[in-house]
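To keep things simple, chains are lettered A, B, C and D as they appear, and every chain counts its residues starting from 1.
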Amino acid sequence: MKLAIEDIGVRFGGLWANRNVSFGVQEGSISALIGPNGAGKTTLFNVVSGFQAPTQGKVSLDGEVISGLRPEKVALRGIGRTFQLPEICHDLTLLENVMVGAYRHIRGGIFGQMLGLGPAAKTEREARESAESELERAGLAKQRNQSARALPLGQVRLLEIARALASQPSLLLLDESASGLNAREVENLAHLIRQLPARGVTVLLIEHNVRFVMQLAEQIAVLDHGQLLSVGTPAEIRNDESVITAYLGRRHH
Amino acid sequence: MQRSLVALLMLAWLILPGLLGSNSTLSLLVFAAINLVQVIGLSLLFGFAGQISLGQAGFYGIGAYVSSLLATRLGVPPALGIIAAALAPAFLAYLIGRPILRLRGYYLAMVTAGTGLILHTVFVEWGGLTGGYSGVAGIPPIAVGSFAFDTPRSMFYLTTGFAILILFLAHRMVKSSYGRAMRTTRESEAAARSVGIDVSRLKTEVFAVSAGLSGIAGALYAHYIGYISPETFTIDTSINLLLALVIGGVGSLWGGAIGAVLLTFLPEWLHQLQNAYGIVFGALVIVLLTIEPDGIVGIVKRLAETWRRRGNQKLDERTV
Amino acid sequence: MKTMQKLRTLILAGGMLTLAGTAAMAEDSYKIGVSEPLSGAASSLGVPVVDSIKAAAEVINANGGVDGRKIQLVIRDDQSRPDIAVQNFRRLSEEGVYAMIGPNQGSNTLAVSAIVKQAKVPTCAFNNTIAITKQNNPYIFRCQTSDADNVKAALLFAHDKLKAKNIGVLYTSDAYGSDAYAALQKEAEAMGMPVVGAEKVNYGATDTTAEWTKLLATKPDVVILWGSGSTMSIALRNASQLGNTAPIIGAQGVAASAIIEGAGAAAEGIYMVTLTAPDQVTEGQKDLAKIYKEKNGDDYQLTIYDTIGWDALHLVAKAIENAGGDREKMLEGFEKISNYQLAAGTYTYTSDNHEGLGVDSVWIVQVKDGRMIGVQHGL
Amino acid sequence: MDAAQLLQFAISGLTVGAIYALVGLGFNLIFNATDVINFAQGEFVMLGGILASIAIGQWHWPMWLAILTTIAAVGLVGALVDFGAVSRVRRGSVMTIVMITLGVSVMIKTAALLWVGPNPLYFDPFTAGPPLRIFGAVVQLQALWVIGTGAVVMAGLGLFFSRSALGREMLACAIDREAAYLMGIDVRRMVRISFVLSAALGALAGVLITPLTNATYDQGFTLALKGFAASALGGFGRSGSAIVGGLALGLIEAASVVVMPSGWKDSVALLVLILVLVVKPSGLLGGRAERRHTQAL
C-alpha cells in the first residue's frame, strides 16, 4: 500500500470539508479522485501534501505516518504535487523552474553552491540533466531558456508536472492538470501520465474530465460533500447508482 | 565579451584613485562602497527572497558598535572585529528571523522598522556600554600588520575591494540553485514548499546574511570615521536604503549597485539645495516607480528591449 | 517664519537641478566653510544660526569686508548626521576655506575633529558639550559657553538666590541632556545640594506627565530642566498641569522663543540660563538687534542662536585680520583674540584655552508675561 | 507609588493611546478600501497640526474656521497624492504603491521643513481652563476632546461603512477588488475617496493632538508607526480595532515608565506589537488580516 488515507476529517468552523475519508493507493497504480465542485477534493490533496493539517485521521506513505508534517517535510519523503491554480516562478526560465524541482537532491549548502565546490557542482549537474530530460518528456525542451512569463496555460501545467517529476517523487499528486487544455494537450498529458508507473511513480489525480479519468485510472474514488461516496474500478463506478445521482441529481419519480 | 568587461573594470578600479585624487571624492567613494555592501544585502533579502526590511540600520549599528567596542575596550584588532561585526547581527537576525518572517508585506515592514527602533534605543539607553548619545570615540583604523588603512585612498581600496567581493559572491549565490530557491520562494511559497524547500529556514538564512552584510558595512564605517553615535543608525537610514534599492531596481544586483551610488552621490551633487534635497529624492522615487516598478534597471532593460526589437525590424526591412 | 526666503529655496530646489559646483565667485574673497544641521533632529538650532551667519556676512561685506576683501560663505547641510558632517568638512577643507563654522551637535563635532586636525583648519564649534575642547585638538574653538559653565551658573543661582536645599533634574536623552546631567550631579554634590530625583525623557517625546509624576514625588526644592527641542515646551506645559510649584531653571535649549511661545502660560516665571537678555541689549548686540528688529518687527526677542552665528563670523573675520590674510597663520590669528565684545559675550582665546566665553558671560533670565527679562549677568 | 500616581499613569496612557487610535483610524480607512498601507499617513497628521497652528497662530483665524479649512486642505493633499502618484502606477505590485507613499512622505516632510522651518508649532486647546482633577490625578481637557472625537469618528465610520452606499462600495473593494470591479463599482474613484477621507481623518487627528504634542515637521513616521501598531494590535479591517489597540498601546507605554527608565517606553510598545503580530496576526479582536498576511499553515 503506497498511500493509506485513514478516516481523514477536516473542519473549518462548522463546516466539514472532509469527513471519515478512507481509501488506499497501490504502489505503481494510477488512481483518481472525482466529485462535484466543493466536494473537498483539493482539501484532501492539501492534507496528503501537508498544506492542510487534518482535524482527525491520519495519512501514511509506505506505512510511515506523514499527516501533521509540514509540506516541505512531506515533499522530502518523495511526494510531488501540482496546484489547481498553477504556481510557477515567472522570474525564472523554464529550465530553471524545473531545476528548482530537484532542489532536495542538491548538496553542499549555501556556500558550497555559491563557490561551486565538489558535491554542489556534481549534484547541480545531475539536477540540470534530470531537468533537461523532464522538459524533453513534457515537450517543452525547445523553450528551455525562455522566461516563464508569457507561457500559455497548457504549457504551464506541463511545466509544473515536469518540476514535480524533477524531484524524483515516488507519489505524484496532480490537481486538475487537464483543465484548460485543448484536446491535443490532453492527449499529450495522458501519454505522459501513462508512462509514470513504469518509472516507479504512483499517481493520484483530481480531474473533472470524466472520459480522461475513465481511460487512465485503475481506481477511482468519488467524493461528495466531503464524504467518500464509493471507491472502485472505472467499470464499477460507471454503474454505481449513488455516483450518478450525485453527479446528475435525483431523477424526479 | 564578459571577460574583457571585467578586466576593464578591474583596471579602472586600480587607476581611479590616481585620476580623482581629491580626498573628498575618494571619501565619497568609500561611503558609496559601504552603502553598496548594505544595499546588496537588502537586494538579496527583498529583491530575491521577497522579504522587506525597514530595520537594516539596526544591524548596521550592531556591526559598528561590536567592532568599535571590541577595538576600544578590549584591544581586539579591527580585522577580527569585522568578523565579529558580521556574526553578531547575523546571529541576532537568525534568532528573531523565524517568528517575524512568518509575516508578510507591511506587517513585516512595520515589525522590522520596530526592531530597528528597539536596537536604536539599546544604543542610546545602554549608556554604560555604548556611551549613549556621546557615542564611541577614538576607534582605531583597520590595520593589517603595520599598515593602517587610515586615509581615504587606502580605505577606498579596502572598501571597494570588499564591495566587489560581496557583489561577486552575491552574483554566484543568485545564480546557484539556492538563488533559484530564493526567487521561487519570493513568487510562490507554496511552489517552493511543494518541492521540499524549507521556506521558513531559507528566509531566516537570507535575513541573517543581509544582517551580516549590514554588520560588515557598520564596521567599515566605524573604523573609517573613527567615531560612532546613535544618530547614524536611525529609521531614516533604513528608509533611504530601501528607497535607494527601489530606485536602482529591486530585481537585480546591478539595481542595488546603482541605488547605492545614487544614495551616496545625490546629496553631494545637490548640496546647493541644502535642506531641500528631500524633495528631489522623494520626487525621484515617485516619478521612477510610476514609470517603471523595476527602477532604473527596469527602464534600461525596456530600452534595450525596444532598441533590439527596432534593430531586428530594420534587419527585416533590408532583407525583404 | 521667513516664508519668502523659504519659498525661494523651494523654487530653487524644484527648478534648478544644476549638478555643477558653486558659481565662480570672485577669486580674491575669503572663503569660509559652514556645515550646520538644516534638516533632521537638530535643525531647530542650525537654521537660525545659519541665518545669523548670513546676516553677519552681509554687514561685514557692506563695510568693505576684511582689509578690502569680501567674505564668501560656502554653506552645507549636515542633516544632523555625523557621516554627512564628516563628508562636508572634508569637501570644504579641500576648497581652501580659511576657517570652518559648525557643527551644532556634540557628536558631529567629535566625528569631524580628526579631519579638522589633519586639514589644519580652525573651526568654530557651537556645542556646549564639554568634551569637544578636551581632545588635544588645537584647531577646535568653542563659540558658545561650555555646559560646565552653564551648569555651574544654574546651580549657583538655585543655591544662592533660590536658597534650594536639594534639586530635581529632568533631562533629554540626547548628548546635550545626558552630558549636562553628568556634570550637574558632580557640581551639585560639591555644593552640598544633592540631586533627590532625576528623570530622563526621550528626545522628541510628546508626553512627559509620567516622568514629571515620578520626579515631583521626590519633592525637589528646584527643578533643573536640561534639553532642547519641542519636548521642552511639552514638559513645561505638563509640569504646570500637574500643579508643580517648584521653580524651574531651564538650559540654553529651553531659552528659544519657539519653546517659550509653545509653553504659553506654563512658561511664566521660569528661569533660564542663556547668553542674551532681550530686554537689555548689550553694546555688542546693538547692530544685530537692529537688523533682526527691522526684519521681524519690533517685539522680536533675540535668542542665543541669533547671536552665536553672528559672533562666529565676526570672530573668524577678526582672526583673518590678526593673521594678515595669511591662511597659514589663521590659528595664531584666532589665539590672539582677547576680550573681543560681541553679541553673546566677550571672547578671549589663548593657545591653551579655546573656551572663548566664561561663566561671566552667562545670563540668567526669567519669563514675565511671555517675555524673557534679564535677572543676573555673570556671577 | 500611591494610587494618585498610578491613576495619573493610566490617564496619561489613555491620552497618548487615544492619539495613536486616531492616527490608526486613518490607516484602517485606506487599508480597508485599497489594501495599501499609506506610509505618508503620519505626514497627513503632521500637516493637519502645522496648517492649523499657522492659521490660528499667524493668520489669527477663529479656531473653528482654521480647523475646517485645514481638514479640507489636507484632504486635497490626499487627492493630489492619489492623482499625482498612486493612480499613475500602471504596472507593479501593491508594494510599488507602498514604496511610492514612502517617497511621498519624504517629500511632504521636506516641504513642511522648508515652509514652516524646524521649530515646533502650537495652538491653545479647544476649551481653555485648568485640567480636571480626579482623586489627585490630572486629566487635560484636550485629552477628553481627543478621546471623545475618536469615539464619534469610530461610530461615524461604522455607520458610514454599513449604512451609506459609498461606504458599502468601499468595503466591497476591500474584500475583493475584482468582484467589486465586476459589479460596476468604480474602484479608481473608491481609492481616491479613501485617500481623501484618510488624509482628512489624519488632519483631524493632527489638529486634535497639537495642543498636547506640538506639531513639528518630522513627527510623521513615529506617529505613523504607532498608528499602525494601534490598528494592528486591535486587528486590521475592523474600524473599532484602532481605538482598542490605541488605548492598549498607550496603557502599555505608561505602565513601562512605572517599572523602567522612560527611554524604553517606545521600545516596550513596539515589542508588544511584534509579539502580538507574531503570535496572533489578526490582532486582539481578530480582524480580516488573518487570511491575507500569513502563510497557509
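Going forward, a contact is a pair of C-beta atoms (placed from the backbone, for glycine too) under 8 Å apart; a residue touches a chain by one contact, two chains touch by 3 or more.
These are the chains along with the protein names UniProt gives them: A = ABC transporter domain-containing protein; B = Branched-chain amino acid ABC transporter permease; C = Leucine-binding protein domain-containing protein; D = ABC transporter permease.
All of these numbers come straight from a predicted model, not from anything done at the bench.
Traced through touching neighbours, the fewest hops from subunit C to subunit D number 1.
Using CA-based centroids throughout, the chain positioned farthest away from subunit C is A.
Computed centre separation for the pair subunit A/subunit B is 41 angstrom, with centres defined by C-alpha atoms.
Work out the mean CA point of subunit B and of subunit C, and you get 36 Å between them.
Averaged C-alpha coordinates give centres for subunit A and subunit D that are 47 Å from one another.
As a whole-number value, the distance joining the C-alpha centres of subunit B and subunit D reads 32 Å. Counting partners per residue, subunit C has 9-10, 13, 39-41, 43, 173 as the residues that reach two or more other chains. In subunit B, the positions touching at least two other chains are 124-125, 190, 199, 275-279.
Residue positions of subunit D with contacts to 2 or more other chains are 110-111, 113-114, 261, 263, 266, 296. Touching subunit B in their complex are the following residues of subunit C: 9-10, 12-14, 16-19, 22, 38-41, 43, 75-77, 79-84, 86-88, 90-91, 94, 105-107, 110-111, 114, 129, 131, 135, 173-176, 178-179. Residue ranges of subunit A in contact with subunit B, taken from their complex: 49, 51, 70-72, 75-76, 80-81, 83, 87-92, 96-97, 99-104, 106, 110, 113-116, 120, 124, 127, 163-164, 166-167.
Looking at the complex, you find that subunit C touches subunit D at residues 1-3, 6-7, 9-10, 13, 39-41, 43-44, 46-47, 173, 199-202, 204-207, 209-211, 213-214, 217, 229-230, 233-234, 241-243, 256, 258-259, 261-262, 264. Chain contact summary for the complex, subunit B toward subunit D: residues 52, 99-100, 102-107, 109-111, 113-115, 117-118, 121-122, 124-125, 189-190, 199, 235, 239, 242-243, 246, 275-279, 281-286, 289-290, 292-293. Against subunit C, the residues of subunit B that register as touching in their complex are 22-24, 27-28, 31, 124-125, 127, 132-135, 137, 152, 221, 225-229, 231-232, 236, 267-280.
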